[in-house]
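Labels for the chains are A, B, C and D, by order of writing; each one numbers its residues from 1.
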Amino acid sequence: MDFLLPMLVDGLAASALIFFIAVGLTLVFSVLRVLNVAHGSFYAVGAYVAVTIGGVVMSAGAPQWLSFPILFLSAALTAALLGPVIERTFIRFTYGKPEAVQILVTFALFLIFEDLQKLVFGVQAYYQDAAVNVLGISDIGGIIYLNYQLLLIALAAAVVVALRVMLHHTRLGKMIVAVVADPEVSATLGIDTRRVYMAAFTIGVFLAALGGALASPNSGVAPGLGAEAIVLGFAVAAIGGLGQIEGAALAAVIVGIARVLAIYYVPQLEPVAPYLVMLAVLLVRPYGLFGAATQRKI
Amino acid sequence: MLHFIIILALAAAFAAIPAFFPWLAFVFTLVLAKGFAALGVAILLRAGLISIGHALFYAVGAYTVGFLSSRAGVNLLIPQLVAAAVVSGLFGLVIGLFMVRYRGIFFAMLNLAVSMVGYTLLSKLYTLTGGTDGLSIATPRVLGMTVGREAFEAILLYGGLGLAFVVGIVVHRYLKSPMGEALPAVESNEIRLEYLGIAVPRVLLFAYVGSAVLAGIGGAIHALIVGHITPDLAYWTTSGQLVLVAVLGGIGGVAGPFIGATFLESVRAAAVIYAPDAWNIIIGAGLLVVIFFLPRGLHGLIERITRKGERP
Amino acid sequence: MKAIVAALSLAMTAAPMLAPAALAQDKPEQLGMGIFTFASGPAAAYGMPGRNAAELMIEQINADGGIGGVPVAPTYVDEAQGGEGVVSEFRRLAGDGSTDIMVAALSSGNCMALAPIADQLEMPMVTWNCDTHQLFLNAEHPYVFRPNSSTVPEFVAYAAYAAQKAPDATRIAIINPDYAFGHDAAAIFTAAMKAFNPNAEVVVELFPKLGTQSFNTEISRIAAARPDIIFSNMWGGDLESFARQASARGLFRSSQVILALGESILQRVELPEGVIVGVLGDSFWNAPDAKQEALDFAAAYNEKFGDYPVFPGMKMANTILVVKTAYEAAMEANGGTWPTKDEVLAALDGITAETLTGTVTVREDHDGIVDQIVGMTTGGTGTPELAEMVRYPGAAITPPVGADPIEWVSTLTPEFAAELPAPGSLN
Amino acid sequence: MSAPLLSVRGVRVAFGGVKAADGVDLDVNAGEFLAIIGPNGSGKTTFINLATGYVKPQAGTIRLEGRDITSARPRDVTKLGIARAFQIPQLFTEHTVLENLMLAVAANQGFWRWQSPLGSPAVREAAMDLLTTVGLADMVGASSNALNEGARKLTDIALALALKPRLLLLDEPTAGVSTDEKFPLMDRLAAVLRERGVTAVFVEHDMDLVRRYADRVVVWNQGRVVADGAPDAVLTDPAVLRDVVGVL
């Protein structure tokens, strides 16, 4: 058990990255009941925007610590620019439509974003690692970790708490919860469900973009980022139970730990670890860890 | 009747074009391969089940041919095709027994998961599958005759087209049978089906196995025309493409997926030459146009014409 | 219906006009060359330098009057569209009469898929990068030539370098990409290391999938295994990410790292001093014995594209030079008239050509003999350069014709490594 | 006295603390028309759900002619001859009214013949007959999605009739049907059921209908059977009038 400590740190670090991918997806599903394949695109766009702004600001000689607020700013900018527009134009069309239509409309958006990224940013990889460098490293059990990795674990936990607080203690959050419970009743109570949908979708875009932005200082940005993110995000969201934020957090930890265990002991299984976890979980709980069947009213 | 005439006309055009542009014969044979598989996906889509994993059965069909050709020394076209259909059907049966319990996104994700496990196995079982370098497939003998590559490719294209017709009629009859008509009923009201005493899992299992067989036939044709197969055949992007083809073409009739495949491969062939950087944009935009304005896909256009013809 | 007609007519217009086949004795207006590389997707980081170098090399050849007076007309095909798309384009180019020779491909998988088609369509194909030893192992490809090295000499070279440079190192960690190239390299490197040092053992072996963004868990796993040597044949964006992450987490300080394709990221990542890197062959333009042509080409490349050519670019340029040499040799042999296809094939068979960075010989099995250059990073930035360089003679480290490559590796001995030129001998 | 057709003993089921059935004992005798009345939310529909296997009881047994069907699934129960119509009509909205009926008829008649068309002459004729019975003969080509609530109800009942059940469970059969249509429809339905010897249970709020068509009435309140007897007796019971009818 020499590896216990590093496995735990690695597992949590991996889980944090996975959680950021899945949380926005599951939030959007819980409110809008839409499965958004384009979520992966927002993840990638967030990363590109962060690297671009970071690159410009850093090369202008700004202090290194500034790279942190830039990550959040980039995510907010991405969300503000893309969230409302896309919800208004494309996502709204899919409300109440069969899942196949939702998946295909958002998949079409995903395809379009893939090429747009290529046209704008080219095919080379970008790196902007000021945020990693400024934080330095720690030696844990003889293995060197980036303090940035440890920070991400804390940030993921903070996002879970922040979402809880937002949903249960703010006006917008309470409206979102009401709409999740029953959109029709909410509408009769005077809640503008259209605005709630737009707000929830924009928060989802923000979380996706934040995930991409936070991953970028350590991983860089290159084509293919979005596709990787969306498949993993869907798997984690399904394992947790669609629409369950705490479920997504727990699923991210399970998948993260599973991957790390695989890398340490059975490296051949690493690429399929998320899928094996999903098969195992859905076999026992067909609607995911925290999910439940919705019975048709007859 | 008008409907059938239009389909025949399209098929005739399909058969004629490669005679003028020989290099398109290869593309059109791939169209048939994709069309078969997308038809399988379309059957499930009628029940509201979206499989992001049918590339697995496509790959199973292809690798069955690959094994027979490069490992077992069975270089005969018909046995290879039959084996591909049977083996992919068996895979469909085993996996389907598990899948028919799930609906919606969970069905989609589980198919994805199983296909990705299959993809990984194909990549990792190096000695069996040739790993990521894949397997090469020799030109098989046809009805006991040794044929040249060129003749073989013609046989594959026109034989494939004939097979598409036969299979199309069989599938059409199935879709019009009670079990076939029950598929949209699964989506619209599964509970009522149960209350009619119909075993929905059995309805779906039949569809699932059928769709796997169709995907397997497609995969076998793919393997034979390309002559080389890699695990990428089972990757989820291939599955996504099959769903795309089915939806673009329309799931309203058996010709839909073949029309969708023709459209997609033609656009791809053109995009590679004229707009290599915007290929995804073209496909994405095309998909949006179809979903927003042609909810029944390209096949829906034929339906509109024939409706007008039948009910003036 | 309209859309279907539109789709069909689109398909038809996609077919270029059938060009009349050139008569053998007349000089054609141009020499059509299909060039296959990755221009998009993650592999473009490796593929685009190849394409850039092809553009520059063809520009220079044409400015010089072309090959035997005939200008080269390239058509570039993006390998990122996947196996069947690549095959489809190969068939189209071969079938519409526009192309006389193929320079294909980057990916070994694509080479394996294209080789039988080249034979079938009787289209000469010269590979420029793919290096799987499987290509000619169980199959004869009369129309396919590889004026490059294969995986076996490439990864034996790194093992020899490691054995010479760090003879006491026994604990080996391997982190390679999860496909045939990575697995083959791991097998060859391991077998060679064990042949050169019977005490060598692999303490951890990881194969992250292509396109992995974060290697942090893998880095922890490797660090926990306390290896003496870390070997990797990752490339492109994966290599860059791994190198940055591993460097930040001190992996380069605690172990001797070998990045087989490391030369390709020297201009993008500040690698610390002393990392063993190579170029999968001899295609390093800034070697001490570099020819003036190589330096000139690099300077022109730098002027045109803003950076220096990495080795995939040099390999591409060298391969096009081999094609040029073959055509010229064929013309010389038949008295100056434009060669027929068979004459070109005959010229390629057994050719020895001067490239920008050395000499290449194509054997009777159509596989190439090329030297292997290995060196160490200097820690410097700017113009890429290497220290402690060695040039292993291709003939010495390539298995003989007909030998099973992996078996041949296991017959190697510590003495074999000792007798090779020593690191630093190329200075 | 012959054994009851359907026999429910000690059945208990609760949804999140609400007791929909709290130790219910109830027999349905062959050939009778049994009406179940009671306030909204008292568990009347749950009785139908229990009898058809849609809801599994937490305790107790349900028997059909002595055969234990407590844990049977809806499709098993259906095959044993119990059919149900729904409070909210359950139709195949992608299909026309005729196709809906043909699917129901075909369910017992060559359903698994995968190369024969759904609309065989025999199936088509049987479906048309059923639609005539419920008065929808002129709606055959309509999409079931486009019907008004009354027509949807009728289609729903016709689907259940198509199964030729021995026991038919009807959940508020005339809700949504216009007042003018109610009695003619029930007359036709009752005639068909009597003619075929079908036993029927119907959950109903309309006391006029109950008086006119029921042989026996059961009053269901808070998960319990609180009264059971002939309509005249039960519907004049002051306690029932207060607790059940009064609420209505």
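Throughout what follows, a residue touches a chain if its C-beta (ideal position, glycine included) is under 8 Å from a C-beta of that chain, and two chains touch if they have at least 3 such contacts.
Small disclaimer: the values here were computed from a predicted structure and weren't measured.
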Far-end chain from subunit B, centres as C-alpha averages: D
Averaged-CA centre spacing for the pair subunit D and subunit C, given as whole angstrom: 75
Mean-CA-position distance for subunit C and subunit B (Å): 36
Interchain centroid distance [CA atoms averaged], subunit A/subunit B, Å: 33
Centre-of-Cα separation between subunit D and subunit B, whole angstrom: 43
For subunit D, residues contacting two or more additional chains: 54, 86, 90
Where subunit B touches two or more other chains, by residue: 187, 191, 277, 279
Where subunit A touches two or more other chains at once, by residue number: 118, 268, 271, 298
Interchain contacts (touch definition) - all pairs: A-B, A-C, A-D, B-C, B-D
Subunit C residues within the subunit B interface of the complex: 1-4, 7-8, 10-16, 39-40, 77-78, 81-85, 87-89, 91-92, 94-96, 108-109, 112-113, 116-117, 120, 132, 134, 139, 178-180, 183
Partner subunit D, residues of subunit B touching it in the complex: 170, 173-174, 176-182, 184-185, 187-189, 191-200, 206
Subunit B residues touching subunit A - in the complex, by the definition given at the top: 45, 48, 50, 98, 101-102, 104-106, 108-110, 112-114, 116-117, 120, 124, 187, 191, 236-237, 240, 243-244, 247, 277-281, 283-285, 287-288, 291-292
Subunit B contact footprint on subunit A (complex, rising order): 35, 90, 93, 98-101, 103-105, 107-112, 114-116, 118-119, 227, 231, 234-235, 238, 242, 268, 271-272, 275-276, 278-279, 282-283, 286-288, 296, 298
Footprint of subunit B on subunit D - complex, ascending: 52, 54, 73-75, 78-79, 83-84, 86, 90-95, 99, 102-104, 106-108, 110-118, 159-160, 162-163
